[in-house]
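Chain naming follows the written order as A, B and C, and within any one chain the residues start at number 1.
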Amino acid sequence: MALSLEEVRRIAGLARLRLSPEEERRFAEQLSAILDHVRQLEELDVSAVEPMTHALAAGEIPAPRPDERRPGLSPQEALAAAPAREGTCFKVPRIIE
Amino acid sequence: MSAAAELTGLSLREAGAGVAARALSSRDLVEAALARIAATDGEVGAFLEVGAERARAAAALADQRAARGELRSELDGVPIAVKDLFATKGVPTTAGSRILEGWKPPYDATVVERLEAAGAVIVGKLNMDEFAMGSSNENSAYKPCRNPWDLSRTPGGSSGGSAASVAARQVHGTLGTDTGGSIRLPASFCGVVGLKPTYGRVSRYGVVAFASSLDQVGPLARTVEDAALLLGRIAGHDPRDMTSSPRPVDDYLARLEEGAAGLKIGVPREWFQGGVDAGVERSVRAALATYEKLGAKLVEISLPHTKYGIAAYYLIAPAEASSNLARYDGVRFGLRCEAKGLKEMYAETRERGFGAEPKRRIMLGTYALSAGYYDAYYLRAQKVRTLVRRDFDAAFERCDVVAGPVAPTVAFPLGEKTQDPLQMYLADVFTITCNLAALPGLSVPCGLEAASGLPVGLQLVGRSFDEATLLRAARALEREVGALPAPGLGEGA
Amino acid sequence: MPVSDFQAVLGLEVHAQLLTRSKIFCGCSTEFGGEPNTHVCPVCLGLPGVLPVLNAKVVEMAIRAGLALGCRLKERSVFARKNYFYPDLPKGYQTSQYELPICEGGTVEITVGGEEKRIRLVRIHMEEDAGKNLHDVSPDGSSGVDLNRAGVPLLEIVSEPDLRSVDEAVEYLKSLRAILMYLGVNDGNLQEGSFRCDANVSVMRKGAEKYGTRCEIKNMNSFRFLRQAIDYEVRRQVGVIEEGGQVVQETRLFDPDRGETRSMRSKEEAHDYRYFPEPDLPPVLVSAADVERVRKELPELPRARAARYGRDLGLSAYDAGLLVAERAVAEFFDAALAAYGSGPEAAKKVANWMNGEVARLANERGETPATWKLSPGKLAAILKLLDAQTIGGPGAKQVLEEVFATGAEPDEVVKAKGLAQVSDTGAIEAAVDQVLAASAAEVERFRAGNKKLMGFFVGQVMKAMKGKGNPAVVNELLKRKLGD
């Protein structure tokens, strides 16, 4: 099942990846091969099967926590790794609504 | 053997016992480890970061505790290291990626906290495939890691550094993570013990996420007992992780020496239908024969959905990963590439910051979740996952552990599989179903392959939360087979 | 008039912030305001390696709301990730609920133009709020990101497109808001954004069977703006159709300066949110016992309360409606009435004062009953003083103002300000005689037919009595003496 370059670009856009033309071509090929392999799942009858979306069995689930406040980070700590900041905000290129 | 080599040659338990008995000091252990790292890591490349001063300071405190008779655990004062996927407060945590180069977390992962609370000395952060995506450590954005048994070969991945460091006798034990085999595979390739606990046995808080419903933290060590010691320290519910089970933690040492007599060992026919190198299969079969000799019973079982495991995994894991990696956007931490607009900044940052494998998996995962494809891909894969789990449930009606190869080959040469991603993925065929089924699994060395002299690991998969039986079975084999020799690396140093 | 050939069809989506102390997935404070990034932690910052831990109170509040709104509560509901990129969304996804929400169905009853109508709900689910993007934080035009709000718990409440007019929409929102405030689940603050509403607007020709294409309208943070926005949008859509065009399905922002809606859609792809079940959170399990526990603690809700006021206290729908609009006010009324008396007459008196003077004073000061210095007992005391004719109407108003401002005891205020009325007939008669004697000309003109001069005489008597004459007695004596 061949993935078109257009598809690759659409997915890259959704994932916010700016691929080079070389990458687009290579990924189209590699992803197509992987998707081909993955197609064998269609051989199986899963009509009566529940998906296993959570790996913990029902009896192993912990309870939610009480509504209590806990100390967090100071703004300095929160911004320590910020690539850019203004005051105590994270600074980013202008957001156009 | 030099004094330092004597120290680095100790098992985790022996080292800890020595500190407790005041026969040796944590400082000596740490110095020996640092020296060993300095002598060997130029070639092996297991470490991305070594914190010598930090380690020395921790060792000094451990020695003070020893003097006061206030040691915290059997691990107190012993040098270990952790995969660079674990958040370590104030210490760079890269997940093997450039997008997190230099990032210092403001908090510690729970497993790091627990080991430090036990007094273990974390010497540094270990090399890995970027974002835990890979089977050979060749996807590290920083440098390759090499197998101490043969430096031209991979140590396996993604916890390559974790396995190599133990094999190279740099530290006495390490932590890795296993999502599709990333502890068991490198453990097998490097001839060490590696255990992936049941999903939910160990907290994932502070573990940079790859695939949330599959990732688990586990120990790598030279002996089964060491692995049990480490597991005992890190296992248990964490209120910061709602996917960690509240179930009490077993005493993994209590029944460790009970031996294999009476154990029913399931041998899946699908794991022996070809596709495994002859030498590997021979070693594995020899191990099974040993079990029989020890009084265990081999039972032929079937895991019919084995062959669908790769397909299911390579939809589910990338899907979750594509979402987990969305936070790497240059806004709050990590790499940012300046650009004229916001969207450009995101795209540029992620283009430069991610290597090929994370990009590939993000693409695959985004596709599998996208409108129109979700049912056919992601949802279907999750249903197949249920079928994989049912295979094991049925098998465990008839046996106590499932045994077989960890990988189809011994450690392969660097560069051999990097051209074709699918080929690399297929190396996970035996380990992956255990992750899908959320069950515990381990790799224990069962010998050296005759032709290459490279280690072969036997894989054991157990019932949910039955790590104790796995460890017991592994120990029985280990006792019989004996310890592997240390790889001849930098000897005389 | 073309617009009247068309029928507006409206559905509303409300996002209500929950009154929990901590955020939905971490222990950070949910307090509004504060310097940017002062209520944050690794979890709500979305740092690598963190995990969400569900706040039990959020589930409890969702159950409360679901019960009050007559929803079907789901035993098992699942969180899901809604994936998209935006600076105020630290994880690059919002943790919400998608296929399996905690509540389904439900209704909100409204009364518009005297008619009752039931507006059906589609669902209610739990989710986290995003942070805030701040514009122009620096001279170069950069934007700033404040994550204080990221992770504040929300209930999203979605109605069916059952609303047919702006009036219905506003009534629906008011009713829903009142219910949520009664439940203690939300504070109803539109300006601060703790109660937000988006509208799905479409039009169809009257008598048509198929709904038209709808547009989603955002950014209406007051009832007034909501009206403006919907009115504009309905007219706009009708205009498009009348000119032979087709309404394009899109999201539009309300521009309060212009009173218009503007298309938000950028030229790139529409969002593909790639929803999938959240693997970091287990399914939310709600047992029958959980539900019963919450049900027992439900307060009496506005409509039921208003009905009770009408039935048991004989209050008019209008009076009752005003009292029940806020739970604290209704509870104050109940307590004041209990301290004052019983029966329809007593109820009416208390209601009049509550809806009249008390409401006026409260609005002037922008206060809610929680901060009033007036207590139910003190209001009852003032009314009793009035009944006893110790003070007159104007006096009572003065006492109320003073008590509202200072919390003093009413009878002490009466003493301190000398507000006690004089009802002693003798004293009043003396004043009346004095005034009449001094106003012979006016008396003549009054007796000649100028009855309006009564007001003059009353004024003069009151002046002579320094305002303390009991008006009823003054009037009666004047009439008698003037021979009317």
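By definition in this document, contacts are C-beta pairs under 8 Å (C-beta built on N, C-alpha and C of every residue); 3 or more make two chains touch, one makes a residue touch a chain.
This structure is a prediction, so every number in the text was calculated from the model and none was measured.
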item: Chain pair, A-B or B-C, that carries the greater number of C-beta contacts; value: A-B
item: Most central chain, judged by mean C-alpha position against the global CA mean; value: A
item: Mean-CA-position distance for chain C and chain A (Å); value: 40
item: Geometric centre distance via CA averages, chain B-chain A, whole Å; value: 23
item: Computed distance of Cα centres, chain C from chain B, in Å; value: 57
item: Junction residues of chain A - those touching two or more other chains; value: 14, 16, 53-56, 61-62, 64-65, 73, 78, 84, 90, 92-95
item: For chain C, residues that touch 2 or more chains besides their own; value: 42, 45, 53-54, 85, 87, 143, 145, 272, 274, 276, 279, 282
item: Shared-contact residues (touching 2 or more other chains) in chain B; value: 103, 106, 213, 239, 242-243, 322, 326, 329, 331-333, 342, 346, 366, 370
item: Footprint of chain A on chain B - complex, ascending; value: 103-104, 106, 199-200, 213-214, 237, 239, 242-247, 305, 307-308, 310-312, 314-315, 322, 326, 329-336, 339-348, 350-351, 354, 356, 359-360, 362-364, 366-367, 370, 376-377, 379-387, 389, 420-422, 425, 436, 438, 464
item: Residue ranges of chain A touching chain C (in the complex, touch as defined); value: 10, 13-14, 16, 53-56, 58, 61-75, 78-79, 84, 86-95, 97
item: Residues of chain C defined as touching chain A within the complex; value: 20-22, 26-29, 35-42, 44-45, 53-59, 78, 85, 87, 133-135, 137-138, 141-147, 253, 264, 268-269, 272, 274, 276-277, 279, 282-285
item: For the chain B and chain C complex, residues of the former touching the latter; value: 86-87, 93, 95, 100, 103, 105-107, 109, 204-209, 212-213, 239-243, 319-320, 322-323, 325-329, 331-333, 342, 346, 366, 369-371, 374, 378
item: Residue ranges of chain C in contact with chain B within the complex; value: 42, 45-54, 81, 83, 85, 87, 90-93, 143, 145, 272, 274-276, 279-282
